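Below is the structure I would like to discuss, written out as structure tokens.
For reference, chains read A, B, C, D, E, F, G and H in written order, and residue numbers begin at 1 within each chain.
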Amino acid sequence: MNEQQIRQLLQQVANGDLQPDNALMQLRDLPFENLGFAHVDHHRALRTGFPEVIFGQGKTRQQVLDIAERIIGHGSQMLATRLEETTANALVERFARAEYDALARTVLIPAADTPLSLPTGKIAVVSAGTSDLPVAREAVVTARAMGAKVEEIYDVGVAGLHRLLAYRDQLHTARVIVVVAGMEGALASVIGGLVNIPVVAVPTSVGYGASFEGVAALLAMLNSCASGVVVVNIDNGFGAGYAAALINRDTADGA
Amino acid sequence: MNEQQIRQLLQQVANGDLQPDNALMQLRDLPFENLGFAHVDHHRALRTGFPEVIFGQGKTRQQVLDIAERIIGHGSQMLATRLEETTANALVERFARAEYDALARTVLIPAADTPLSLPTGKIAVVSAGTSDLPVAREAVVTARAMGAKVEEIYDVGVAGLHRLLAYRDQLHTARVIVVVAGMEGALASVIGGLVNIPVVAVPTSVGYGASFEGVAALLAMLNSCASGVVVVNIDNGFGAGYAAALINRDTADGA
Amino acid sequence: MNEQQIRQLLQQVANGDLQPDNALMQLRDLPFENLGFAHVDHHRALRTGFPEVIFGQGKTRQQVLDIAERIIGHGSQMLATRLEETTANALVERFARAEYDALARTVLIPAADTPLSLPTGKIAVVSAGTSDLPVAREAVVTARAMGAKVEEIYDVGVAGLHRLLAYRDQLHTARVIVVVAGMEGALASVIGGLVNIPVVAVPTSVGYGASFEGVAALLAMLNSCASGVVVVNIDNGFGAGYAAALINRDTADGA
Amino acid sequence: MNEQQIRQLLQQVANGDLQPDNALMQLRDLPFENLGFAHVDHHRALRTGFPEVIFGQGKTRQQVLDIAERIIGHGSQMLATRLEETTANALVERFARAEYDALARTVLIPAADTPLSLPTGKIAVVSAGTSDLPVAREAVVTARAMGAKVEEIYDVGVAGLHRLLAYRDQLHTARVIVVVAGMEGALASVIGGLVNIPVVAVPTSVGYGASFEGVAALLAMLNSCASGVVVVNIDNGFGAGYAAALINRDTADGA
Amino acid sequence: MNEQQIRQLLQQVANGDLQPDNALMQLRDLPFENLGFAHVDHHRALRTGFPEVIFGQGKTRQQVLDIAERIIGHGSQMLATRLEETTANALVERFARAEYDALARTVLIPAADTPLSLPTGKIAVVSAGTSDLPVAREAVVTARAMGAKVEEIYDVGVAGLHRLLAYRDQLHTARVIVVVAGMEGALASVIGGLVNIPVVAVPTSVGYGASFEGVAALLAMLNSCASGVVVVNIDNGFGAGYAAALINRDTADGA
Amino acid sequence: MNEQQIRQLLQQVANGDLQPDNALMQLRDLPFENLGFAHVDHHRALRTGFPEVIFGQGKTRQQVLDIAERIIGHGSQMLATRLEETTANALVERFARAEYDALARTVLIPAADTPLSLPTGKIAVVSAGTSDLPVAREAVVTARAMGAKVEEIYDVGVAGLHRLLAYRDQLHTARVIVVVAGMEGALASVIGGLVNIPVVAVPTSVGYGASFEGVAALLAMLNSCASGVVVVNIDNGFGAGYAAALINRDTADGA
Amino acid sequence: MNEQQIRQLLQQVANGDLQPDNALMQLRDLPFENLGFAHVDHHRALRTGFPEVIFGQGKTRQQVLDIAERIIGHGSQMLATRLEETTANALVERFARAEYDALARTVLIPAADTPLSLPTGKIAVVSAGTSDLPVAREAVVTARAMGAKVEEIYDVGVAGLHRLLAYRDQLHTARVIVVVAGMEGALASVIGGLVNIPVVAVPTSVGYGASFEGVAALLAMLNSCASGVVVVNIDNGFGAGYAAALINRDTADGA
Amino acid sequence: MNEQQIRQLLQQVANGDLQPDNALMQLRDLPFENLGFAHVDHHRALRTGFPEVIFGQGKTRQQVLDIAERIIGHGSQMLATRLEETTANALVERFARAEYDALARTVLIPAADTPLSLPTGKIAVVSAGTSDLPVAREAVVTARAMGAKVEEIYDVGVAGLHRLLAYRDQLHTARVIVVVAGMEGALASVIGGLVNIPVVAVPTSVGYGASFEGVAALLAMLNSCASGVVVVNIDNGFGAGYAAALINRDTADGA
């Protein structure tokens, strides 16, 4: 609820069109819904045209279905991430438009009618190795759900630099690049050094021994000698895709 | 050197306008200069209109002056960060247009003649506490050197939430927000939850005991429950300002 | 055995009512019982009216049943935590009054006859997300077993601040608040900044990557910029509920 | 600003006593003051009778004096912690009623006229070793500034258990106990096992080698096998004293 | 091969009783046996009367049986630790005198004929909780296999100090005490403060959250404020029992 | 593509034998093949005579088979590491010359016709304990696949120093030594102190408790007081074998 | 106060020789002295003949002098460790018999008249490098103050194994060995493998980079593959000397 | 003392040319010299022609001079590292041939007469940034002292990849490459991917915040996706230079 809305509400009170107690109730009546175990926040999705997101990890199939029911009931589009296969299948069975991406472990249910006006820029999602694909795909699905054009470039780690250099043009024409890499995470620095575009780096838990489940890549990316590299949590493809889509929107918050 | 340039060069060879060996030399003749202890890279500054940056930490006053001399000689603007006070003063004495920001520990030397075309968006730089100011100011100076409009909002940590909420409008109208916070770093999540704008979070080493010189804030920011939050290294005001300015540019890499 | 009791015993010796060697034996005869693999301490429960607690993790079903048998035999009430489902069911089968909370993984067996005089204050247990519920419920069950009134507020994490602010009044009227949060744990600071009430913060292992199984939330809570926030171990709902109930008792140790 | 106040404000608008725009301004006019580098929050102190607190670490002498000036100007009492000696002396010179505790590194300036009604309970502050005294004293000064009665018991670490046991009665009659210990931090568990009172444990950075500047004590306290032990940050005597005073108040938040 | 033996060998060479090349071969012919995947070292067992030890973790059942066969064939006694149940049963089936301790996960096969002359001192093995028993038992079995008298005192953690104090006499009459504790590991310091006897502290991985699989207890024990406490690896009951038995032997190395 | 080749290509353009656009394409036409999920890099194998390597961990059986198919199709030899047993068997079934080493978890498929000219030096691979064998064997298989002679010395840890000293001659005559050890990793320092040969140390995750899955050994090896010790990642037998084979080649890069 | 003394006291009460209240007072009247900032515990020193110990780190010169005054006044001998040079000199000036060891940073003041009956065994203190000497000397001084014979063997690290092997006989004839080593700490394992004697390992903070101020050596020693190695805190020469002296006493606690 | 020498000695005993006791003494009489605080090991230098090395850190000027005196007295060449400037100057004053490298903080004193036969290969030492120079220079001086030809390439970090690619030929013709880099340490992987030559990677403590004094670079290098990369300790230029020189020697240990 923004200032403009408060002003209107106060005006209604001044006009006698609204009782103070009712106004108080409205000030309180925030657009979320209490399911007992979860507060579904319709506010954000309605305002931004972005999908509501269900983070599936640690939720039961029934919980995911219940929350999805409410979201779809409000006419929002919906993105569910980190899904068990059985939960994903249950969503696909229940909702006609549901699109399941097994690699990314996501289900997207687009809104019935309101096509997003697409931003003109594009996002490049680049991964260092084959094992980084699930995280990269989660970023791709998320960014597309938010209306972005996405190009995918996979398995171009720094151990074979010529593979990466072959994609130089695609990198230069992106509005923002998501770099997904495990092990020593050097790809973020190398790409950051090649371009003058924001780079959202995603460390992955790919590696062994002293990679410490992604910590080595995380630290490397935080310490990148290339300017313009920002970092999200280990394996957080969703977060990277979301941030990249926000960057790609090219407008301030409309709320 | 991009594909277009290679194509032209190859055409010159085909035309007989250029000997193969000269072409080879040009392919090798990359735009950097070897000072013995440092390679100054004029390429990037020329291409982007961004300033050349000298990271002052761990360099002697003489090294900083020598590198600055070369950069200014090329007509680039220049930003030096993490400067000892004496080094900063030496730069100010030597270069007429040098602007010293003591809090941010930076010196900026704008280019003589080429005014940047400013992007239309603005960047909000927000800090949690008074002690976070030097880092916040480094971000401000950096972003301004790259042509951005910046608004500053300081000392609005989550322990007094009403202080932050009073600046809600300023936050919503920014193109990107830089959040600078130490201790538990919660400010990034709270702001990330309020807006739908990219948030570049900078953990600072402000705190004591189990803050572990900024690690607590860093981890908090990486684990933010709010979408759209990306993170840079501890105390890296420069990196945050640089990334925010790239996001604010709203165009792909022109290189 | 407190001073008053020692004084009486010494008086009995002085009166000739007690032989020195018998007195020595009594000084040694402390109120615990040796089961071979465990010392059951009836002293504390008898003195405080609080339940005896069995920490179920790492104990076999038979061990839990044996210890429970002794406790119930002494007429104490009993709380068992971190139970495997089969162990919980065994307790429910064996003891008529046993109350099983599957989410909290606890079994409570109230005392047959001695109702606790309830403290007048109340405890608010607040969680950031749906996945934090098991830990939150463990706190709730524990505090109720110790005679406290408890209000539950779930899924009000800082990413949607308006959800939390809607419960402001309930927070202000509590005697002590238990805040349960994983990921970046910012909820503790935000609530700590809203109220002037002791806040017992419980980091949970909810999260992934650089949450390091709850370490990120733990550090955030220890570094809270809000005064009045104290912290217990990761996922330690029992400890938080216990401490909150002690704070809510409003009297010194009667022992 | 609580609901009651919003209700009154809305009533004034309904009565025509207040223009909507003025109401909006009041909703915005929150009780803090912008000093440029700091927002002084008078709200909390006025509401609770607790002192305003200046955390001195990382602030210049002038900054501390400026903030103090504003606070005293509002008639609040004030507590400044982690002061450099010269800053402390400057405060003592400037403010007649200022009380400097060199060991605790604090300055307290009591309010001129409004004596606090003291809570009836008392706080015991216990330290393991002589080197823990500065932290313990910071807790003592803080709790007293908030109106609490405090008893001090120092140098009773577990290596000489009989020293601690001699103070058993004092421990049992406290409303809350602050335990300050470095090295292995075992004192918190031992005291937590002796009493049924909330124990606020403060790990200190006293120790060497694998104490890792207080981490060993912090972990020990978080893993205490005794129920009722809660923990604050390393060396955070202020936080422990503050939380203990809140626990000792025995009432919910009056705000 | 000690100096005495080299002297004899050299004397044989001087006497012409041994060819230089044969002597060289003997100097090389060290008393171990190569099984391909393992070198069995009979030297130590023969010299000390201590059992040969097979560390069972990470070895297949067949490997354990093969090594055991060689050891028993040399007439040594043998202790196998960290055994899978099936491996333990295979040893019991194969070797008539094998004694299996399921809790400690050990099998001991005493030598047929050479009874050890027992040292006169005794070892006390003390554990904090019921869950620490497997580690404690491993220490007990190991020390007994090396000829020591051992007394066991279990579940006397510091949360109920009176339980521990009841065993004071047993502690004072030991030659060395093994203290086994997880969680905050405070028991080692408390016992170390009660006695003037070497204390071998064994941290266990019992605990959760910030116990970090025994690290909290390990750090606590290393930082013990009580003198005379030495530490072994987490869960290393074998190491503690072995060291305690060496301390209890009261003689220098006979080798 | 090296300078010589660029020179030839430019000459062809100058001669009119090659169109500029075709030249550009060749400059781009790098010798790797895009399988969609992986870029197979034939360049390196062709140039060096070394096998192509498939790192099997985290790849499906089908992915491994597909990549293998391409490699063998190019006539390269191939080494696959970290294979599940079923994947290894599938390779053996599919490729006639495939050699499976179950302990090392590798499959090697030698090239049909081009025998490598062997270097004259030899590599010694030494392990501390029986449990280190899988890692040691991975090093052995890798080094042999690269044409090296390898000697294996196992189970000669420092707890029985005489076992190691018996192999002194074999150590002195190696060109490079690979030392594989877990637990405290002391073997690397001891061997490094005995010889003046490069020692490639491989920490293994063998151990428990405070070995932290190989970290203790890793740190020990990095801090070796013996000169000439270099280190690879925990359990990285492949990396050690590869580096050792490069050292053993005794020539610069022929590329 | 042991059972025997309690028995006597109770007998006196039974005899009417002692009033119950006086008995109670005696039960409370424990042998320590409150200096305000420290409790001096004369009990232990009187009972054991061991010196009272002042841990000098973090204490002012005056505090050390005051505590020393009390201890000497009781006729105990005294050992002060980790002394600043000026504090050490002050002690030497004040107390005629004071012996200052500048390398160990200790002052020992032997008791005037009560010569300790020396144990018959001896302690070997062995260091890996020259930089480990201060820690090694602290162990030597401590052990000697407790009546032990000590042999010193320095700079025999594993990088030159023959240096160590030359002292084999001295090692075999010790009752207990203290091994002091930094860097990778391998010396403890090598010595532990040579002898069948308790080894007290002291990691030192000697090293750089990934030695992490002694953590590498600490972990190595905790993970020693040699049985009989126990560990004390980093740089804790005092603790090692104290434990070694207890082991060398060859008797149970006389208390 | 090798087998050949033992054989000769035994032959002398057999011949009656040597008494057994004298032989025993010789077997013990190992070639090191005891200075009290240090054992100088002449054995290694004499055998290999490599310089004796004094690690200067933590040694007093006098200790360094004393050790140097002995080494030079034996006619060996000598390398001292990590020297304070005053110590370096003292060496230069004392020894005519001493060569001081202020950046590397080393002093080299070549042997008077025995010129090393140089290996034919060369070592490339590459650094990422200007701040890495001291570590790189330490590697250069060390390798040269051991007879190697060294080429230096500085300030070619991955943020400006074209700078590095310009030196490709120099990299390909080296026998071994030392890569020195701080921050995210990506240079090691990029170079490792370009060549088929052993790469010795040296992480430096250059960086800030989450570089954790070189840990980020260390982890990156250990997790390098490029084969053939081995790692030494943080800032260990000496170790890298030493290992590279051993690799460059192209012969097994002559000892």
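Keep this in mind: a contact is a pair of C-beta atoms (placed from the backbone, for glycine too) under 8 Å apart; a residue touches a chain by one contact, two chains touch by 3 or more.
Bear in mind that the values here come from a model prediction, so they are computed numbers and not experimental data.
How short can a path of touching chains from chain B to chain D be, counted in steps?
The least step count works out to 1.
Out of curiosity, which chains are bumping into both chain A and chain E?
C, D, F, H
Look at both sides of the chain G and chain H contact and report whether the same residue positions are involved, with over half shared, or different ones.
Mostly different residues: under half of the interface numbers shared.
Which of these pairs, G-H, C-G or E-H, matches B-D in more than half of the residue pairs in contact?
Repeat of the B-D interface: G-H.
If you average the CA atoms of chain A and of chain H, how many Å lie between those two points?
50
What's the distance between the Cα centroids of chain B and chain G, rounded to whole Å?
55
When the C-alpha atoms of chain B and chain F are each averaged to a single point, how far apart are the two points in Å?
Once rounded, the distance between the two centres reads 41 Å.
Please work out the Cα centroid separation of chain A and chain B, and write it as a whole number of Å.
One centre to the other, that is 25 Å.
Can you list every residue of chain F that touches 2 or more other chains, as numbers and ranges?
3, 44, 160, 209-211, 215, 218, 222-223, 227, 233-234
When you check every pair of chains, which ones turn out to touch?
A-B, A-C, A-D, A-F, A-H, B-C, B-D, B-F, B-H, C-D, C-E, C-G, D-E, D-G, E-F, E-G, E-H, F-G, F-H, G-H
Please output the residues of chain F touching chain G within their complex, sorted ascending.
Chain F reaches chain G through residues 128-129, 157-161, 183-186, 189-190, 192-194, 207, 209-212, 215-217, 219-227.
Along chain F, where are the residues that touch chain A in the complex?
Contact set of chain F toward chain A: 1, 28, 30, 32, 36-39, 41, 43-44, 57-59, 63, 203, 205, 213-215, 218, 233-236.
Can you list the residues on chain A that touch chain D in the complex?
Per the touch definition, chain A meets chain D at residues 3, 6-7, 10-11, 13-14, 16, 19-21, 23-24, 27.
Inside the complex, what are the residues of chain C that reach chain D?
2-3, 44, 47-48, 50, 53, 121, 168-169, 171-176, 195-198, 200, 218, 222-223, 227-234, 238-239, 242-243, 246-247, 250-255
For the complex, give me every residue of chain G touching chain H.
Chain G reaches chain H through residues 130-131, 133, 154-156, 160, 162-163, 165-166, 206, 208-211.
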